[in-house]
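Sharing a structure, written as structure tokens. Questions coming.
Chain IDs A, B, C and D follow the sequence of writing; residue 1 opens each chain.
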Amino acid sequence: METILAIVIGGLYGTGLYLMMRRSMVKLVLGLALLAHAANLLIFVGGRLVRGVPPLVANGAIAPPDGSADPLPQALVLTAIVIGFGVQAFLLVLLKRGYTLMRTDDLDDMRTTET
Amino acid sequence: MNSLILSTATRLLLPLMLLYSVFLLIRGHNEPGGGFVGGLVAASAIALIKFSSGLERARAALRFDPITLVGTGLLFAFASGLLPLVAGMPFLTALWWDQKIPVLLKAGTPVLFDLGVYVLVVGVVLTMIFALSEE
Amino acid sequence: MISGFALAVAAPWLSRIAGKHGGNLLAMLPAVLFAYFLGLVQPVTGAGPISEITRWVPTLGVDLSFRVDGLSLIFCLLITGVGTAVIAYTGAYLASHEQLGRLQAYLLAFMASMLGLVLSDNLLALFVFWELTAFTSYLLIGFKHHEDKSRGSALQAMLVNGLGGLCLLAGVILLSNIGGNTSIVALIGQADAIRAHPHYLAALLLVLMGAFTKSAQFPFHFWLPGAMAAPSPVSAYLHSATMVKAGVYLLARLSPVLGMTPEWVGIIAPIGALTMLIGAVMAFFLTDLKQILAYTTVSMLGALVMLVGINTQESMAAAMVLLIVHSLYKGTLFLVTGSVEHGAGTREIGELGGLRRAMPLTAAIASIAALSMAGVPPMLGFISKELWYESSLQLALGGIPLVAASVVANGLGFALAGVVAYGVFFGKPAHPDPHPHDPNFAMSAGPLLLAGLGLVAGLFPGLLIEPLTGAALTAMAFDASHYHLALWHGINPAFALSLLTFALGAALYTGRERVVANLGRLAGMGRYGPKRLYELSIQKSLAYARFQTNLLQSGYLRSYVMVVVLTSVVMVGLSVTWDKVQSIVVPALDVRLHEVLLAVVILGAALMMARIGASLAAVAALGVVGYGVALMFYLFSAPDLAMTQLSVETLSVILFVLVLRSLPEAKSLSSRSTRIRDALVAATAGGLMTLFLLIVLSEPFQSRLSGYFNENSAPLANGRNVVNVILVDYRAFDTMGEITVLAVAAIGVYALLKMRKGEGGSR
Amino acid sequence: MSLLLVLPVIIPLFTAILALLCWRHINVQRGIAVVGASCLMVAAVTLLLTISDRGIQCVQVSNWQAPFGITLVADLFGAVMVVLAATSLLAVTVYSLGSVGRALEAVGYYPLIHVMVAGICGAFLTGDVFNLYVCFEVTLVSSFVLMAMGGERQQIEGAIKYVTLNLMASAIFLAAIGLLYGVAGTLNMADLATVLANEPRQTLVNSIAMLFMVGFGIKAAVFPLFFWLPASYHTPNVAITTLFAALLTKVGVYALIRFFTLIFVGDTGLTHTVLLVLAGLTMITGVLGAVAQTEFRRLLSFHIISQIGYLLLGLGLLTHFSLAAVVYFMGHVIIAKTALLLLSGVTQRISGTSELKELGGFYKESPLLSVVFLVPALSLAGIPPLSGFWAKFAVVKASLEAEQYVMVVAALAVGLFTLYYMLNVWAEVFWKDRPVDHPVVAKAPLVMWGPMVAMGILTLGISFGVDPLFQLANRAAFQLIDRQEYIRAVLGGAL
């Protein structure tokens, strides 16, 4: 299953990057969102996959059952998801503000600071 | 948006959702859940008021300025880190009270920390939603 | 000695206070220093060098070790002596100028740096002062800063010197690395080893670059005439006694370390000779007094460098005497030019003549100086020329071109001495000016003194010059015990050459107008000189810089993204080797149907986004990806993640919709070929990532951390949800950061939406 | 001790929280911000002195032993960086009182700059790879907001590019962490250093190292990943630009230095050669970019890039002396650059423009300003005896000793170009007469002058105090090159 997910991750990176190379600001944001998904999945898969044994300690037990999933990548991904959300919310508002100011979604029109 | 059904439903749902959010917060240390998800549920409860009865009502129901909630949440989490410093331990060391408080299972600085996360998430989400709806 | 130097360094600040009280007061400082150094002549020539060390940056091998020997003493005396004259002169010359105080401050700072340069025994300290002289002279040359021309000249001087300075820096570091020491005295001890080192030639060339740019040798000579934009007293100081001589000083100073090799003689002497000729010839065709002086300076610098290049005891002695002579007469003549301009209002020789009557004192001073310049006995100039010829004649066949060049250059010099003194002050008044007059005391005293010294020194060479040059020769590792200096050397080949020089000079002076008229057309060739090269290289670099910057920094975000992606692909691709790719182990396909379906849905939704672009449908597809990922988390034992991802995804979709409803439907903006190109790049990057991940996944894996978390969560951390315990306890610091990010994002959203247009007010 | 190490993070964070709670009271926020920045300064200096006294120190946040919890480690290099961050923050905070204006102050300016510095200090002190990512994000998000804060068109344009490229960096960084964990199974830097030292799969580690290099390279504005910087740095308020210029790219460089002295030193033949090549190209493109500019702050933006090249050069050489040079260079460039940017704000305030063509006359009008310009500008151009000379000298010497002659030539040539455009600025802004159609529009308040002059004096201070400072840099370099002290401090006998 790791192999398949590796392909999915590659696909997410590819489409994300493709969207980022478009001229539309909205596509850019969508692309970044895909990139974030890809990175999160990558960390998750990097810690290897385990089916159906979450790292929870049963009431009264001392440790999670043997063969339970690696909890650390999960914690890392959780942090990354939340951070990603914060960034994305800001990005969306930036996009909105940009559109209100410039009345365009075309990134090629946004070169006034450099030319 | 001001439909009667929605506002009635909200009035009924609101306490339930808030309760559920607190439940998620508390159980988080032992089962899936935690401050973040709990906070999101609580925030959506308030957001529901906004959609049913308008921004002013939602603000009134919240009582606090959401930005202040953000600050308060950070402060709680931060304080849970500072307390151990007083006891001569490193920043954010978990300290636990010996006595078990019923319902809450055990009380300690990690719980305070999670509570901070909860409050902050409510503040953050509502700041965003309120600001976006004021446009 | 240290105290004297400290005072000089403090001078800029002193002068700022005293600046308003006139230049005479400030001239006291160099005068006192001059007296002080004069007092050192006896001990130094008698008992040998005096040195003193202060630690400065021992970590980098830089100390302020000052050492007074004959060589540095000659320079010190020139620097302070001419400095006294110049500073006193300046106070009167620019009496009413509002920035006089600053100019005086720069002059004093410059003097201090110059002193530091010639006194330092530490190569790096010497370099520090070297650069300081360059910068202070930059400020001096650009004194008339409101004029474009002044700014340009200052920049040009600074850049040429900067170029040399950088080479010198490399040379100095190389030299100290080879010799293992930064003290010049110590390096002299290692001279043989250094000359035999494979890096010798590189070090020599780098040092020469420094010396040649500073001393205005061909092809770097052009900055010197350009620097004439400075006020006359500044020119007098920079171009007679100080700045430009620093290069000669450096060569002389390092000759015991680097000299005495075929490379040294073979490179330095010809360049010196060439510079000498070019300077003299160019000067001959000019009509502006200051420019003439500038080019003759170039010529004499060439001569000095040539003599140092010949590197025999005689040539070094000749160089030392010539150095003194030149400083004295050239300083005088520059100051006189200032007085002439001050009095007559022009510097064009065509418009000047017969000023003798209106400015008798100035005329007298100028004549004395010019005689020295012409090398007529009994002036010191005559002695130097004799020595010069003698030392050149000692060379075997190779010396013939040098001798010939010297005679020609001196002949031209003789003629030009006539031009600047006789032509201006005697003869017919060419352009009757309303008020030419002799300047006041402060302006006359300096030149008078300098010119007088030249005369006295010529008559009594044994008095001061002989011991000084003798000590200087000792400093340059020659045995000077039998060294003797006299005005009259008897009738010998050198004297014959002198006579030849006079004859040539006289002929050139009388025939000057005809020669200039006939050859004047050739003067246009100057346009193709190194100055043009300098301008071109600046222009071309600028143009290239603009071109490259516009190319790279195009403003197109998509090309930035593309470059970043390609860079990543190349850099990572560089390191992924083929055998690694082959080592990928595809595990036995342990899959369930619903998982594969889920994977296909995620991938499909993502690909759909790429096709449909920017619309609510794309947002829905993004939602599908997000929920799919959440489900994947759930399937693989991460309920917390699934829950979080689910709620976050919902929230982001809501935000997306809230924002997107105010935006128009996006059109497809790129052409088909662009899209294909981008898709290829993106696919390569994605494919590489997959490959990379597969390589990693093929390796066995053992977490070093998770076992500990699993064992201790319940007993020690009081939590049974290990992931949550990690978040609020083991790695609570991360979570602290995470919620801070959220808080900041909220502020950001608030700030962006609340800010009204025009409130930013930053630009 | 355990307190001292966390103070650089919690002081600015606490300051930010307090300021956040006083959302509506701007004057209170101002007070809190200045007091907070001063406290940070005191804490940072104390930290540095302690480290200098007792060697590398570390603390386990949450009190779980390394490598399981998150370790904060302060070696001399980290402590120096913290002091520099605190210095810039203090200068910029005071400067902001006069330069930022109510509009920005009302939407959280002060909390944001303090959060940003908290993130930066965290990055300098953390001994954990993932925590470094979190600190980066804290820094980054606050910088996003600061960048876009004015809400003007230019800023939004700049911010979009800035945000996009930096988020790419984050995504690459995050992926690299995932892969690294997938190979080494740990996140603690010291632990990683020991694990990877015995790692047979060097080519795999190399690839991961490259991924980190790209991620950090974007943040450090290395060629050819620097585009976000010139696109955006000149758009926000000068105080914000100054803070960014002083610290943001340096965090990237810091991370590169930390990773490529501590963790990825197994195959320096590949990684550090690549670093050298990038260093040369970065220097040259940066300096050419600066030469082409006609606006003060954009010129300074490109200048930042060329200076990054010098820092990388020192890292690429990876000798004890070259690293010492880097540490000193870092201090020099942050201080001198801050001084110069603050000055650009003053000239802009007075003249109402930052186009070089439209400026002028300051030499005549303000000798003080002239001196405050010349000192850092010449220092950056490497004129002795100012700090930049010592920095450049050390780098060139290190390159010569390593026989990297191409780098020597590049470094020296870049120095000449730097001199050229610094003098050009001097000629345009100071020597040239003030253009008639661009008269003086305002006066700069004392709170703007103060920090600017102070940073100028500090530049002189590090110039003439070069010996003790370089000794410090030397010791810091020893700790970097001899990794054992670091590893022992973290893993053996921790608090």
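Operating definition for what follows: contacts are C-beta pairs under 8 Å (C-beta built on N, C-alpha and C of every residue); 3 or more make two chains touch, one makes a residue touch a chain.
Bear in mind that the values here come from a model prediction, so they are computed numbers and not experimental data.
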item: A-D or A-C, whichever has more C-beta pairs in contact; value: A-C
item: For chain C paired with chain D, centre-to-centre distance based on mean C-alpha positions, whole Å; value: 26
item: Centroid distance [mean C-alpha coordinates] between chain C and chain A, Å; value: 50
item: Centroid distance [mean C-alpha coordinates] between chain C and chain B, Å; value: 63
item: Multi-partner residues of chain C (each touching 2 or more other chains); value: 550, 553, 555, 557, 561, 639-640, 644, 648, 651, 655, 659, 689, 693, 696-697, 701, 703, 705, 709, 720-721, 727, 729, 731-735, 738-750, 752-754, 757
item: Per-residue overlap in chain B, given as positions that touch at least 2 other chains; value: 30-32, 36, 67, 70-71, 74, 78, 81, 91-92, 94, 124, 128, 131-132, 135
item: Multi-partner residues of chain A (at least 2 other chains); value: 20, 28, 38, 40, 42, 44-48, 54, 56-57, 59, 72, 78-79, 82-83, 86-87, 89-90, 93-97, 101, 107, 110-111, 113-114
item: Category of the chain touch graph - line, ring, star, complete, other; value: complete
item: In the complex with chain D, residue positions of chain B that touch it; value: 65, 67-68, 70-72, 74-75, 78, 81-82, 84-85, 89-94
item: In the complex with chain A, residue positions of chain C that touch it; value: 550, 553-558, 561-562, 565, 586-587, 589-592, 595-596, 599, 602-603, 606-607, 609-610, 613-614, 618-619, 622, 625-626, 629, 632-633, 635-641, 644-645, 648, 651-652, 655-656, 659-660, 662-664, 666, 669-670, 678-679, 681-683, 685-691, 693-694, 696-697, 701, 703, 705-706, 709-711, 713-715, 720-723, 726-727, 731, 734-735, 738-739, 741-742, 744-746, 748-749, 752-753, 757
item: Touching residues on chain C, where the partner in the complex is chain D; value: 55-60, 99, 102, 124, 127-128, 131-132, 135, 138, 142, 145-146, 151, 154-155, 158-159, 162-163, 166-167, 169-170, 173-174, 177, 541-542, 544-546, 548-550, 552-553, 555, 557, 560-561, 563-564, 567-568, 571-572, 574-577, 580, 689, 692-693, 695-697, 699, 701-705, 708-709, 729-734, 737-738, 740-741, 743-745, 747-748, 750-752, 754-763
item: Of all residues in chain A, those that touch chain D in their complex; value: 20, 25, 28, 32, 35-36, 38-40, 42-48, 72-73, 76, 79-80, 83, 86-87, 90-91, 94-95, 97-98, 101-102, 107, 110-114
item: Chain B-facing residues of chain A, complex; value: 54, 56-57, 59, 78, 82, 86, 89, 93, 96
